[in-house]
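In what comes next, chain A is part of two complexes: it sits with chain B in the first one and with chain C in the second one.
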Partner chain A sequence: MLWVDKYRPKTLDHVTVHTDIAHNLKKLVKEQDCPHLLFYGPSGSGKKTLIMAVLRQMFGSGAEKVKVENRTWKVDAGSRSLDIELTTLSSTNHIEISPSDAGFQDRYVVQEVIKEMAKNRPIDTKGKKGFKVLVLNDVDKLSREAQHSLRRTMEKYSAYCRLILCCNSSSRVTEAIRSRCLNVRINAPSEEQILDVLELIGKKEGLQLPPGFAARIAEKSNRNLRRAILTFETCRVQQYPFTSKQTIPPMDWEEHISEIASDIMKEQSPKRLFQVRGKLYDLLINCIPPEMVLKRLLHELLRKLDAELKHEVCHWAAYYEHRMRLGQKAIFHIEAFVAKFMSIYKSFLIATFG
Partner chain B sequence: MQSSQQWVEKYRPRQVKDVAYQEEVIRVLTNTLETGSCPHMLFYGPPGTGKTTTALAIARQLFGPELYKSRVLELNASDDRGINVVRTKIKDFAAVAVGTSKRKNGYLCPPFKIIVLDEADSMTEDAQALFAFTQPSIAVQNALRRTMETYSKVTRFFFICNYVSRIIEPLASRCAKFRFKPLSEVIMSSRILYICKEEGLYLDTAALSTLSSISHGDLRRAITYLQSAARLFGSSISSENLISVSGVVPEKVVEAVLQACRSGNFDFANKEVNNFIAEGYPASQMLTQLFEAIVEENDLSDEQKARISKKLGEADKCLVDGADEYLQLLAVVSNTMKAFSNIPEEFAYEC
Partner chain C sequence: MSKRNCVVILSSEDEDATSKLSSSSNYKKTKSRSTSASSRGRKKARASHSRSHLSKLHEIDLFGDDFNEVFTGSEVSAGTQRSFAEELWVDKYKPNSLEELAVHKKKVEDVKTWFEERLKSSKGVYNNNVLLISGQAGVGKSAAIHVIASHLGAIVYGWNTPTPVIWQEHLYNSGTGTQYTSKLDEFESFVERVRKYGLLLTSYTGDSKPSIILLIDDLPMTNGKSAFGKLKNCLQLLVKSTQIPTAILLTDCGNADSVDYNARCLEELKLSLESSGACKVAFNPITVNSMKKVLLRICQMERCDVTAEYVDLIAKTSGGDIRHAITSLQFFCLKPNLVHSLASSTSSHVSLKEESNKPDTSDSGYSLHFGRDEALSLFHALGKFLHNKRETGVGIEYDQDGFLIRERLSRLPLKMDVPEKILCQAHVQPGSVADFLHENVLDFLDDEAIHDAWTVSSYLGDADILLAKLRGMVCSYNEAEGVLQSAAASIAVRGVLFGNSNPLSSRWHAVRRPRLWQVEKVSFYKNKVDRLRIPACKRFSSYHMSIMATEYMPMLKLLGNRACGYDGPSQKSSPNLEMEDFDFDKMDLDEQSMGLSDDDIEDW
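The block that comes next holds the complex of A and B.
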């Protein structure tokens, strides 16, 4: 088992990072007055962990016995009928799905599939009327229409169905949905908190930590706890006992991008652009999300640039990322950014050095 | 596990005269209640000012609970409201004849039915995502206009919307228009205090004024915040508690970002933006608050303010389109920084 899973806090009492939030959530569940919840925050901040802990608090250990199912729903969409395939993760009391997996058909998932799930009222062992929880991932990726439909479902079945929504950016969730949920902001853990967690894991695994080693991992993790723990485990596999000078392996895709960045800085020509295209394709084929590629590329370029160029470059990065969102093929826009950068940088070099 | 009732519903005024702050509207409607004559009506105004409440209250007071179901049809944006719905559902409901005026249990029961179309302007807005839908939605409104004329003897329409300009002219001209004003701070506070008393909550003056300022005259939003805070933090609520449930970015954080803009140091600002994103605050909210801060900033000339605002507008549009929060915010901050230190807007090396 990966350490990330092994040391994931199972109950609200064991949560180490967001203790105050956990405390409040516990109070909510205890008072039998749980509204719909919306968790938002950057990745690796512990949203999922908290959600699982809340479910456990509600249903006891039964919430951990989950089964994964691939189901196909037949949906009647006006003139034709559609088949929608979705992966669900469910226990007796809760169902977890990512409705945005259905792409542009997400509206039907919300209107038909979620409605169907929400309608069926479970009966608990004592014969009492139970209630169920629907966990929806990535609600910020849902289309507007789907979000509009969701809001009706939330009201209609609220007597016995609770929704727990999870997303990265709450800007993309419509006001109508936000106002119907209790919004819970999960901030990324600070470096000190990550350090504490790493030291705790180290102690439980019985590892000798040289001074400053865990701090370096925490610093490199970008305040992403999951990433910190994964890196920590990687280090453990690579070399143990740890030495204080041991290099912390960077993510290979990040290394790849920093290579691209230095390529671009070295030479600005159509030929180089062509070479870079190949490398960009490599990244995209390996399922690195294009906006991550662009962001990382900007990060690498900003590190190497003169201050006066930074404003210009970050403006264009924002511009092309927006275009990428509107367009279809990410590669065009990343490449356009690279080309734009080359032209700016070249004219800067000419103006400065002649 | 039953969730207690939403306070927004619980404290919704049941009678027209209880609706706060909209005196002109109330005066006209009280008259309606006495005479039983009623034109088509168009209610417009910002959210949370009592439009839906008023429409439902008058329908209830006219017909009483018994006849309410058969005489009133309520449609809001989450129902399917394509042209077919207008042609069938609304028409069917409108076409049913009703008996003559007879008083029942003290209710006036005038001889017509009421159709309440909530969020009438979003008949277009809903369809915005699908470009192709823009035309039919005008058609929907057009279809309504025929329906209105044909059945006006037995049916009254109440349209409720935020922006009167989004309702097509032929539709608007058939209605008596009522504008709902945003609630003043005094009215809002008194309503909030009333709810606090009913629910046994304690709110200090600082928290009360925070609540009024973060909800911008929207009473529904204020009540929602209050309820969320009460659920999370118990009966004694401070202004920090309210800010944390509302998703508003704390003053301190906005000030830190502004300070970074003033400093003129790009790397410092970049770090600040990174921090902001890691804390998980919504970027769209930040843009709103940054805008407020910029407008009130004394050290800036009008021209500088205009420059910054222009960029804020563009970034907001991009965010709505789903662009990345970090990149947009960074672009805004970089632009603001340039405006602060009067660097010309044009890029030097663009060709």
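The block that comes next holds the complex of A and C.
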């Protein structure tokens, strides 16, 4: 088992990072009247961990007995019926799905799953009708239509089930859904908190941590706890005992993007643009989400850029990110950004150096 | 000034109105007349039909007569004093001798000698008794066979396509116990009969046995793989075992690189028949010169004075289809008014002559009302867009009426049709046009022109956004969707044309297939495989792909499989899946890339 999973806090009491939130959640669940919940925050901040802990608090250790299924739903969509296949994780009391995986058919999935859950409603020991919990991942990636239908189903079936929504950015979740949920913002842990967690793990694993080593990992992790722990484990595999000057392995895709950035800075021509496109394709083939590619690329470019250009470049990056969301083929828009950057940078070079 | 204009408009309107009136009255007359005539004709037809139990073919002929009568009726209304046309000219001027055939002499000679050899010699000398004639529609395949047969004194015996059974008819018949047989089955049994027993000529009552040519003109329509396989088998058997000289006519539809399933089937059929021993002759489209000869001859015989320019034009626009050319000539000669209006619409007779002096405007894309629409292949169209040929030279006057365009936004006029028209002719999906342009456009940009590259890619992005609006609306096709799609394609194409502000001098370029398609496919596949791994690694919660790809995968690579809890079964199952899927993938890609490599664009 990876350390990330091994040292994941199982209950709300054991949570180390967002203790105050955990405390509040525990009180909430104890009062038996749990509203719909919306967890949002950057990745690697502990949303999933908290959700799992909440489920455990609600249903006891039964919530941990999950099975993974590839399920198919038959959906009547007007004239024809669709088959939608999704991976679900479910226990007796909850189902977890990522409806955005169904692409533009996501709206059917949400409705269908909730309807089905409402049909077989569990009855608890006291004879009271209980409720099930549906965990929806990546709500922000749902299409507008899906969010709309989610809103309606939420109202209609709120007696039978509770929804726990999880996403990175609440700004892409519609107002209507946000107002029907208790919003829980999970901040990215600070570097000190990450440091604490790493030291705790080190202690439990019985490792010797040279001074400053864990701090370096924490610094490299971009305040992403999961990433920090994964990196920590990788370092452990690569070299132990640790030395304080040990290299911390970088992510390969980030390396790749910084390579692209230096390519762009070196030459600005259609030919180079074509080469860059090839490298971008390499990233996309490996399922790196295009938004992250664009963000990282901007980050890398800004590092090397003259201050007076930064503002304009950021503007265009935002512009093309927006268009990427509107469009379908991300490469068109990333490439347009690269071309725009090249164009700006080239005229800048000509203006300064002649 | 304005007053005068007004007056002119009024008067012209007046004229229009009167002409309309008169024409409508004319029209009414013709209608009544023609209907009465046709009903008479139909009566006649029925009478004759009941009297002599002739085959269904005659009915069709009679129908043709009706059709003619309608035609002649309209001719009367036009007020011409010419003789009534009895038949369509296509039938009237059917070639009767070898000299009259517009097909290339050598091809005719080939076919003739082939039949001669087989008819003269005794049976069983030749193993292959099947001739495969291919060519696009209207190049005179059937006509050639008929003429040659009559030249050799042989009788053409043909497979006549049975009339289709309508569903209602079938329901009606099913009560009487007749079973429905598909046309393919009927064809099969016909071929079977011919193969085993030869042809029994019941109608012939001569002394000596005449020589026979079997003509299979119209292959039954096949839908789906199994039906096609049946047809193929039965034809192969025919090729192998028939004793009668047989001609199978295949009509090429469009260009070979089209993705149309039927076209590919036809190609396959051709190959398989050839491999089993059929002799193949391909008829080319009829050349402009021989077409002109035929048309002029018809003009002479009809005594209508069509100027040489128009004959020339008809011959050029017909795209090598002589049947079409003759019909359009007949249509053209029908109403002298039409010629007049046409001439006025193209500003004047004189200007047309002038235009014909300039080769670049008259031969490409000048189409009359009756010209055949030419189809372009995808690659031809892409080539046009990418090469971006424009008028050069100083003497280009800008449209004075149009609004002023800033220097950096103005472009030289295009040396091609309107892009939308080209798109229309190429029959492609807007999405794939955008993909193809995106893949290839950078090759055609100047090395310094990074700003152009931005313009182009930005417009392609616009097109993508428009196309993405359709996502999720697959259920119903509506008008707006079509408009959106064509708008997207138009933006993509025009963006490419506009963005490339100073096109390179043309040189040879290969057009690639969009790599994007491959990328999408592979990433989708990877997504699937990785998803199988997730449950193995993580028991508690599923992660979205992005987290898997950006955080877990790189680390797992470094860790090796050791640290991760890969379970036995999942590991076993995932390579299996890999094998299966990848084979399929590869096959698919190979097939498509092969198709592409043939179609590299040359400079034109």
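The criterion applied here is as follows: the second predicted complex is superposed on the first by the 347 of 354 C-alpha atoms of A that agree within 3 Å, B and C clash if a C-alpha of one lies under 4 Å from a C-alpha of the other, contacts with A are read in each partner's own complex, and residues count from 1 in each chain.
By our rule, contacts are C-beta pairs under 8 Å (C-beta built on N, C-alpha and C of every residue); 3 or more make two chains touch, one makes a residue touch a chain.
Quick caveat, the model's predicted, so the values are computed rather than measured.
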Combined model on chain A where chain B meets chain C, clash or fit: fit
Contacts of A:321 with chain B and chain C, given as first, second, both or neither: first
First, second, both or neither for A:187, with chain B first and chain C second: first
Partner chain(s) touched by A:66 [first = chain B, second = chain C, both, neither]: second
Partner chain in contact with A:143 - chain B first, chain C second, else both or neither: both
First, second, both or neither for A:353, with chain B first and chain C second: neither
Touched partner set for A:343, first chain B, second chain C, both or neither: both
Which superposed partner A:35 touches (first chain B, second chain C, both, neither): first
Shortest CA-CA distance in Å separating chain B from chain C in the superposed model: 6
Footprint overlap on chain A, where chain B in one structure and chain C in the other make contact: 143, 145, 326, 343, 347
In the complex, chain C residues that touch chain A: 434-435, 438, 442-443, 445-454, 456-458, 460-461, 464-465, 467-468, 471-472, 475-476, 515-516, 519, 522-523, 526-527, 530-531, 534-535, 537-555, 557-560, 562-565
Chain A contact footprint on chain B (complex, rising order): 1-4, 77-79, 126, 128-130, 220-221, 224, 228, 231-234, 244-247, 266-267, 270, 277-285, 315, 318-319, 321-328, 330-331, 334-335, 337-338, 343, 347-351
Interface residues, chain A side, partner chain B - complex: 24, 27-28, 32-35, 40-42, 45, 58, 131, 143-145, 148-149, 151-152, 155, 158-159, 162, 169-172, 178-179, 182-183, 185-188, 222-223, 291, 294-295, 298, 302, 307-312, 314-315, 317-319, 321-322, 325-326, 343-345, 347-348, 351
In the complex with chain C, residue positions of chain A that touch it: 1-2, 5, 8, 43-44, 48, 51-52, 64, 66, 68, 77-80, 87, 89, 96, 98, 100-101, 104-105, 137-138, 141, 143, 145, 224, 226-227, 230-231, 233-234, 237-238, 249, 251-253, 268-271, 273-274, 277-278, 281, 284-289, 292, 320, 323, 326-329, 331-333, 335-336, 339-340, 342-343, 346-347
